[in-house]
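Below are two complexes that have subunit A in common, paired first with subunit B and then with subunit C.
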Partner chain A sequence: MEATVTHPIPVSKPVDCCTDRKTYDQAVPRKNIMWVYIIVGFFGLVSIGSYAMHEYYLYLSAYLWFGFIYGMCLQYGRFCFASAFRDLFAVGVPRMVVGIMIATVLFSITSSLVASTGWSTFHAAPWSMHAVIAGLIFGIGMVFAGGCASGSLYKAGEGNGVSMLVILSISVTQSAFVDVGGWANKLVPKSWAESALTKGLPSSINVSDGWVDQYLAGYVWDQPIITFAKLLGLEDNSLVGAFIGNTLVGVILPAILLLTVVYIFWSRKRFVMDIKANEGRSASFTDHVRGFWSMITSSKRTAIAGLFLGIACGLQMFVIEGLRMKFGVKNAGTILQRLGFDYGISAKGTVFDPGYWYVTTQEAQWVGWMAQKLGFNNMDNIYFGWVNGIPSPAINPADWMSVALIGGAAVMALMNNEFKWKKPTRELAIWALIGGALMGIGSRLALGCNVGAFFVRTANGDVSGWSFGFGMIGGAYIGVKFFNWYTEKKMAREMANIDFDI
Partner chain B sequence: MAMQFNKKEAGLYELDVTGYVCPHPQLYTKKVMEKLHSGDKLELVFDNPSSAESISAMCTNEGNPIVDKQRDGAKFLFIIEKG
Partner chain C sequence: MNKNLWMVIIIVVGFLGFMMGYSVPPFVEVGFGDNIDLLEEGEPLPDDILKQYEHLYQDEEDE
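== the complex of A and B ==
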């Protein structure tokens, strides 16, 4: 059916309705192609040039190119964890829940393969209700901000100024939150303060000053570490433990259950109505199986992105562990010291080096590094001073990954002719700052974001991953309820003088 | 730019959410579609690429066909008919 109305957008050619992407997509301008070459060329030069200086830089380049792949996948699939349950609750769209479950299952399979060879870089996190509470705070924040931690990175690559503000807010909030002491010490339960003092931390880490320090050393570190393999009495690094415990029981079965619930409550109704209208009969069990499958395949871009993301995430663990073996190191801190970079290394000689996809800590680090340069002493807390350090962003492996993620997303956006510089409006800037701050706090309470605390942990059979996920779902629900009320109010004002035809 | 909603002529409305990020475009679209009558059309203008996927899926689920999709770079125009 042809459009019968005039439209305000000048287009290069008329397009047929409705869903054929070949006609919907447009030719890519030469300027975009030039920028694609510049971005790819820049990262290529960084990799080749740094390798020419020393082969240790291969380690940083591995992070860089995996980040680049993640950026391309995220932009191609419009892959944002925030939209998963937000769009389900707000507008009844399950495509992103499906995409995330596909990615998680694929990642889990590749992770288990890596784990069973003993090359996994993954370490499960302590589990307790703190993961659910942190997920709840993070979930509200990601709805307010309009994107999760990884989604904000890829949208920044599309030229989105709101997402850049979100990244800034997450970064500053985390950096400040981990160093808050003084009056905040009065909020620390006595049992945490006492327990923290027994952990034998060096005097350079003033563990009795800082809310987050005492939360970590006095509470989180005392919680049990549980994986699905261990719950079944199996070893995480055994073939059976990894595949049966962590992948089948920990990911595939819960993912099928979750998607079945989503189908029953959000997709089934439309499918049943279509069968009734087209074939004049009720839907059978076989029809529902077809309906379930059509829900899975309804957004091919998202499903394809999930598939590639899942494989790449597992592969990164394998490659990083391989490089650690090659260079005889357990952490990038040793590599940086061998290269002559001593600044910002933690008290135990480490820097943040997860060995897999991660987003938020490197964001806290660059602000922490700047604060240190401005004269603030933030190396007396556990987060920076004992564990992650604050190396210069120029030689921080995880920062190479995030910068390349933005670059990869920019390349994909340019190739799809979707790159556009967008200045944030005041309204969206406020939401970005509030949402980013909530995500920053949630990330530090959970020791990770939607990627580090949910995606990576869940895929590796860590029970705390699902706990954070359930909290995120609750947070998304609260955020959507609020935005429903907010948009309702705004629409009522806009529609006040509109005469709707009867 | 702030969100704008106008009636262009009988049975034809325009919603411009240019500059907005998720979830605003899909939420405003949903709220407008709930107000329209069967056969009415909405010209929806937005520039948030990820909203294109969500709005397409939402319209399919709710039985409101998108009768035309146009693009000018990162700016999108969907014409949605209330089912």
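== the complex of A and C ==
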């Protein structure tokens, strides 16, 4: 029999689909606690050991510990964009959508604080319909896969085999997609090809060969970069621009609008029926305000996770920029070169170093690095060769963040007794691979996933963040409807095969 | 909250605090908001900074 700790600790378990978790006492096996300290100890040793080798490694450790915090928060709040929209569209439960909006608003406040100091690491993305289309593809993919890009990471930390397959699929698809050339070049519009040639990229990139290269240099880079502050004629890094333009107009008001729509279409009916049943009257305007507020506060756990996520995201921007100043660099590529690592550095001398929370690019990088080692040339495309590089995963700052995110989620899951190795079934594995592939393509078209293209951009007042978000919601809706149709068809087929002996 | 979670939080905050110790002083030196003391692009570097660059990591190279 397994040894357990003697004192009971509060552990949360889902009560049903529509209510928040309730706490009850359950002993956590000693083995879980031992693994918690092994994981934390490992990351601690990596940080201390690398720091002892050179203080530059502190830059990578910063990514590591913020990734660890994200993992803990995501697991604690069960923060998953796929679950959020699936629950909303399939069973009418808005809990997670509310949590995501709370986290976005809180992150926007902390990022505005950082932006108003003039030291934000955030760069807005080009805006056009491509963000909506990419979001649509991503949204369908995340519902098929059963988890978004960040959700799959934290679920992998819980021991979920399906999520591990999703991560693998996202990684491989992205790496392959950014290097597709040959026949795919015939699908490139002439205007993109011509525009790409005018960007003055070095010959090593070979911009005429590769669909994504010509899409980026010939189309995306030509699109305007718009933030809500700029739309109002304000500066992004001014106090008024950051708080009024990007946070109030760009995040808080749209979030209230979105939540009002969610309340009207999904929560109101239940609330009105409750009042009628309990008090025998119809709901007044005040009742609806109360109902709206109860929807917002329905999940304390998600809200708390959102609060800490928001704070950590803002703090990471601040810490990374401070370390860049301290070390006199603008990108981790310089740090890696000073440390003697020049393999996989881009033609610009850079590596992927967003300075904030990001998920998908580092996943593409480790596959890109592996493919390069196996003899494929991945450095002749813009994504790897010109912008992000493919440094070894062992010294890739963003990879440290993702690995630590999985570790942080595992620590939280172990402490809550929610860690369990789950082997994927064949059917779930197929859906994971298909969904992951769609998310990989969507991520590269949007230059980010549900975190990089939606959460971070929206919170920083980038208009393209909402564009991706609307596409993602639409995609999730299509995905849910498809799944409903598929499940009904499958059940009908199975029922037809049952031989009822009456 | 249980003591193990507190231990993990203390460890994480400890590392974050150490990193903040590195990242905050440069901000204080350079300034915030409208008071950022930065050179315009193309502007020549002041002599004292050039000297500082010359001596940057000189000790390590000497070793």
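One rule holds in what follows: the second predicted complex is superposed on the first by the 464 of 502 C-alpha atoms of A that agree within 3 Å, B and C clash if a C-alpha of one lies under 4 Å from a C-alpha of the other, contacts with A are read in each partner's own complex, and residues count from 1 in each chain.
The rule is simple: a residue touches a chain if its C-beta (ideal position, glycine included) is under 8 Å from a C-beta of that chain, and two chains touch if they have at least 3 such contacts.
Note that the coordinates shown come from a computational prediction; the quantities given were computed from them, not determined experimentally.
In the superposition on chain A, contact is made by A:Glu488 with subunit B only, not with subunit C. Number of subunit A residues touched is higher for B, counting subunit B against subunit C. Applying the stated contact rule after C-alpha superposition, one finds that A:Glu418 touches subunit B and leaves subunit C untouched. By the touch criterion stated above, A:Lys230 is placed in contact with neither subunit B nor subunit C. Applying the stated contact rule after C-alpha superposition, one finds that A:Arg268 touches neither subunit B nor subunit C. By the touch criterion defined above, A:Asn160 reaches subunit B but does not reach subunit C. In the superposed model, A:His130 lies in contact with neither subunit B nor subunit C. Of the residues of subunit A, those at positions 7, 9-10 touch subunit B in one of the two structures and subunit C in the other. Of all residues in subunit B, those touching subunit A in their complex are 1-8, 10-13, 19-24, 26-32, 35-37, 40-41, 43, 45, 47-50, 52-54, 56-58, 60-63, 65-75, 77, 79. Here subunit C touches subunit A in the complex through residues 1-2, 4-5, 8, 11-12, 15-16, 19-20, 22-27, 30, 32-34, 36, 56, going by the rule given at the top.
On the side of subunit A, the complex with subunit B involves touching residues 1-3, 5, 7-12, 15, 17-19, 24-26, 78, 80, 82-83, 86-87, 90-95, 143, 146-147, 155, 158-160, 162-163, 266-267, 270, 273, 298-299, 301-302, 413, 416-420, 422-423, 425, 427-428, 480, 483-484, 487-488, 490-491, 494-495, 498-502.
Within the complex, the subunit A residues that touch subunit C are 7, 9-10, 33, 36, 40, 44, 47, 58, 61-62, 65, 68-69, 72, 116-119, 238-239, 315, 318-323, 325-326, 328, 411, 415.
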